[in-house]
Amino acid sequence: MTEQTYAPGTYPDLPPPSDTVGPVHWLKANLFSSPVNSIVTLVAIYLLYLALPSAFNWLLIDATYVGETRKDCAPGGACMAFIGERFNLFVYGFYPAELRWRVNLAAILLVVAGAAVLWDKMPARKHIMKFAMIYPLIGAWLLSGGLFGLEYVGTHLFGGLMLTLTIGVTGIVFSLPLGILLALGRQSKLPIIKYFCIGFIEFIRGVPLITLLFVASTMLSYFLPPGTTFDLLLRVLIMVTLFASAYMAEVIRGGLQALPKGQLEAANSLGLNYSQAMRLIILPQALKISIPGIVNTFIGLYKDSTLVIVIGLLDPLGIGRASVADSAWLGLSTEVYLFVAVFFFISCFGMARYSLYLENKLNTGHKR
Amino acid sequence: MSTPTPSTNPLLRAWYDKETRSIIVQIIAAALILSFFAYIINNAVVNLAAIGKDISFNFLWQNASYDINQHLIEYSSTSNHFTAMIVGLINTLLVAAAGIVLATMLGFMLGVMRLSNNWLTQKIAYVYIEYVRNVPVLLHILLLHGLIINALPRPKGSYNFGDTFFLNNRGFQMPSPEFQSLFWIVGAFVVAGIAFAWWFSRHAQKVQDETGKAYPVAMINIAAIVLLPFAVYFVLGSPIEWDVPALKGFNFKGGIVVRPEFIALWLALSFYTAAFIGEIVRAGIVAINHGQTEAAQALGISNSRTLKLVVIPQALRVIIPPLTSQYLNLAKNSSLALAIGYMDIVATIGGISLNQTGREMECMLIVMAIYLAISLLISTVMNWYNNRIQLVER
Amino acid sequence: MKLINKVLTGVALTAMTATAAQASTLEDVRAADELKCIVTTGLAGFAAPDANGRWEGFDADFCRAVAAAVLGDGDKVQFVPTTGKTRFTMLNSGEGDILFRNTTETLSRDADLKLSFLPVNFYDGQGFMVPASLGVSSATELDGASVCIQTGTTTELNLADYFRTNGISYEPVPIETNEEGFTNYVAGRCDVYTTDASGLASTRAKFDDPTQHVVLPEIISKEPLGGAVRHGDDEWFDIGKWVVNALINAEEMGVTQANAMNLAANVGNNPSINRLVGSEGNMGEMLGLDAKWAARAIAQGGNYGEIYERNVGPNTPLQIERGLNALWNKGGVLYAAPIR
């Protein structure tokens, strides 16, 4: 064999062998790498062939998106016309039409406050953070009014998307601090506090949310002094917050337990007292570890807000359910529920993605 | 603490002492908690007294007077509320157990699909998991129920599977067995088969540990539990008669019917929980160090045995704790039966009985206690299993 | 020890203040300046929100009449929508002050559930509705049918009794609200929908072509529907009771929405009418209200006959004839105790 040499630059690079690049190689490596794999691929393609085109036709090609009643819809396709007719109901519930600007304003401010909390490169973040801290109060004032010249709007008029957001945001804002307290309480060396926290957490986690909501909505007045009562939505908010905080506490406890004991010992040896050690050393680390769990709990809380339909509040699902029974739009359960599903999917999937981003950003190399 | 401030005030001195302080804090906490409970209980007593009610569980022995469509034990409108409660409890347990089984199978399948080197299956599993777990479970339940009652035909146009199984919007009808007198012999053989299999597995394990000789345990056990009783069954001349459902009037008569409410709830709970289990399984398998697989391969262990003997036992340790909480969630979510009219514990004792007797306090106490008990039961079983498979550190 | 003593005393004190805070329903309603009225989640003709979210219907009008009598303004009502299952719990726990929710009066509800029923304001009975295409003409032909039924109602119990007595089998399909029942019935999950005849009329009116659905001739129960309040507050019970009686008496005497306030302003020749509208005597005072209580209640939504005709009568989509609900001197059984 004679050795062949090329002067640099005289010959172009040869392309790689055709079976290691390009679509053919990709197909071979990812879909048909072995006989079993090939069979699986073919079966999957067949199943997709069965499902996708008909679903596509039903949802897009044969579907009707504009119309007044069921009769305007083409047979054989999805009847999405109800969305246009009921869109305002899905977004605002029964909120008075002339006051809806307040809901819109609250939503815009929520975006601003949320951006400051979630996005650390936001311009003027420090100032907006201060605003975000008091946002829950501002939001509550904008929505229900009754103070400083805003007309009062009863919470029984809340509904649709704004109700879901109200429950979700309130639950998220208040369940985290409460959850931290419960988690610390559960780790406490003081037996009474410890067992109270354990009892509370385990009770809440042991019963379904709807039984708690049922008690809060129909029986709470038994436990209040005769004649007193308070707003139904407020009770729901409290119950949802308590419920989420019990789950939050367990997530954070996991984070606390994952920290090496040396961290606390080091803090003690520096002369930090309990609250300093927790605030400066333990919690920042524990919370960082718990981020995926915390976000999952948020998503769970957000999804659980649909359960309020069981006690008669009308979130998007409740409105959808009422639409199903409307004689003008009979028999549309699939369309209505799919529409609501898309809404929930977008918001929950968004939260999950953000959690991934945060996890990667805060990963300071402890993970190997 | 460094330098305790000398003080003449005994109270202040007590406060600076760590032990005393913790006792004081606890007493205050206990007082607050107790007074809170005393307050609300007192309110309840006062409020109940004002309308002339008391707390009593005697209503459980009164006639329930309502019918329940799905009852696995003897029940009619002349049974008492206690029986109605048991019927509801059984329905809850049935859907929870069936849901756990299906969710686990689907979940493991999804977890493996997510790690498959086949691009298509991996993506299908990914899309499925992301869609299902980001949509509320109540929505899945309502959507499935709506689909079943709207899209499936009415009884007259049922899908007919060989005149024995029928599917329509009243549910899935299938034949029910009626055991003849000789059937107990078959039953006895099954029991004996299980006993034999149990003994034989232990024996085979012992032999393998001592001598390294492996019996085909699974094959022999299947033969003992399934094949032999089947043979006996045919020898005895098939001592089961099947009650085949048939369309009579409005509905199918005879056989067993699996109602749309059960199907919708069961499938929705399983599909939903399976998405979470899929992610847990994936995380569990990924958590196993790749060196383990390589070591097994270096020892010449086949791929399937590597999976069975090396990867899965270790992955299970990571999988079991989060799996337990998924099972708990499934059991609790079964209370959403309420939304579609499946007669579970919330619908019977916590719903109709509560309403007919006006015993809100008692009924809600019962419902909550039962859910707590179910949660406790699942945790106990899973903890026991978890301890069994935990790494024994030496 | 001292500390524990102090704590226990504190607990006891708080408990005692709670006991002392017991107030009457009338005072509570006046203090809140709002009547919390328990109604259904939506049954057209009886109580249902219209397109603007305003509650309309027979029951809603009775709520407004009570509010007009007690608070002077019929719009000071907060409607509390409930399902058949939650209504009594809500009333008893104090979530509502009064209940007008097409509710049947029965002994056990009165004695065991601790409700006090106001006079019957609607005589009803349970019936069945089936699609005309089934060709069923009598309830006895329903053997083996699936029956949609609202849970937490007397209809559920009647149904069990009726099918048991007649020895026919059925599959109960429990549903929570009228809407759900409607959805299930339309989808064909059940062959039959059963509820009070008035409710069937209301549901049937929702179809594009009501003639495709028939209400079977059998009425299997007596359903005297009326309002209710909690046990233990007789003054409040009396107010509810006499508002209903006043509306029925008003129809009998010809006092209407249009003329009630005029009659109240001048003392007329008919002492019965004078007592009713408060231009004579001190009837209102006896109830703890002012003299014009009944006049306001009538002026709010009209007398019984007007409320009936407007919401459920023959000229409404429900098309329910007066029948039993006519006055006693017009062939019905409405016979209100006199205001005297």
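Letters A, B and C mark the chains as written, and numbering starts fresh at 1 in each.
Quick note on the criterion: a residue touches a chain if its C-beta (ideal position, glycine included) is under 8 Å from a C-beta of that chain, and two chains touch if they have at least 3 such contacts.
What you see is a predicted model; the values in this text were computed from it and never measured.
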Higher-contact pair (C-beta pairs counted), A-B versus A-C: A-B
Chain separated most widely from subunit A, comparing mean CA positions: C
Centroid spacing, where centroids are CA-atom means, of subunit A and subunit C in whole angstrom: 41
Centre-to-centre distance between subunit B and subunit A (centres being mean Cα positions), rounded to whole Å: 25
Numbers and ranges of subunit C residues touching at least 2 other chains: 18, 22, 86, 89, 93-94, 180, 187
Multi-partner residues of subunit B (at least 2 other chains): 43, 46-47, 50, 146, 150, 338-339, 360
Overlap residues in subunit A, where contacts from two or more other chains coincide: 214, 218-219, 221-222, 225-226, 321, 324, 331, 333
Sites on subunit C touched by subunit B in the complex: 3-4, 7, 10-11, 14-15, 18-19, 22, 84-86, 88-89, 92-94, 108-109, 112-114, 134, 142-146, 151-152, 156-157, 159-161, 164, 170-176, 180, 184, 187-189, 191, 230-233
Contacting residues of subunit A [partner subunit C, same complex]: 94, 154, 156-157, 214, 217-222, 225-229, 311-312, 321-322, 324-325, 327, 330-331, 333
Contact footprint of subunit C on subunit B as seen in their complex: 27, 31, 34-35, 38-39, 42-43, 46-47, 50-53, 65-69, 76-77, 146, 149-150, 154, 169-170, 248-251, 253, 260, 338-339, 341, 343, 347, 351-352, 354-358, 360
Complex contacts: residues of subunit A adjacent to subunit B: 30-31, 33, 37, 40-41, 44-45, 48, 189-193, 196, 203, 205-211, 214-215, 218-219, 221-226, 299, 303-304, 306-307, 309-310, 317, 321, 324, 331, 333-334, 337-338, 340-341, 344-345, 348-349, 352
Residues on subunit B engaged by subunit A in the complex (per definition of touch): 22, 25-26, 29-30, 33, 40-41, 43-44, 46-48, 50, 116-121, 124, 130-131, 133-139, 142-143, 146-147, 150-151, 328, 332-333, 335-336, 338-339, 346, 350, 360-361, 364, 367-368, 371-372, 375-376
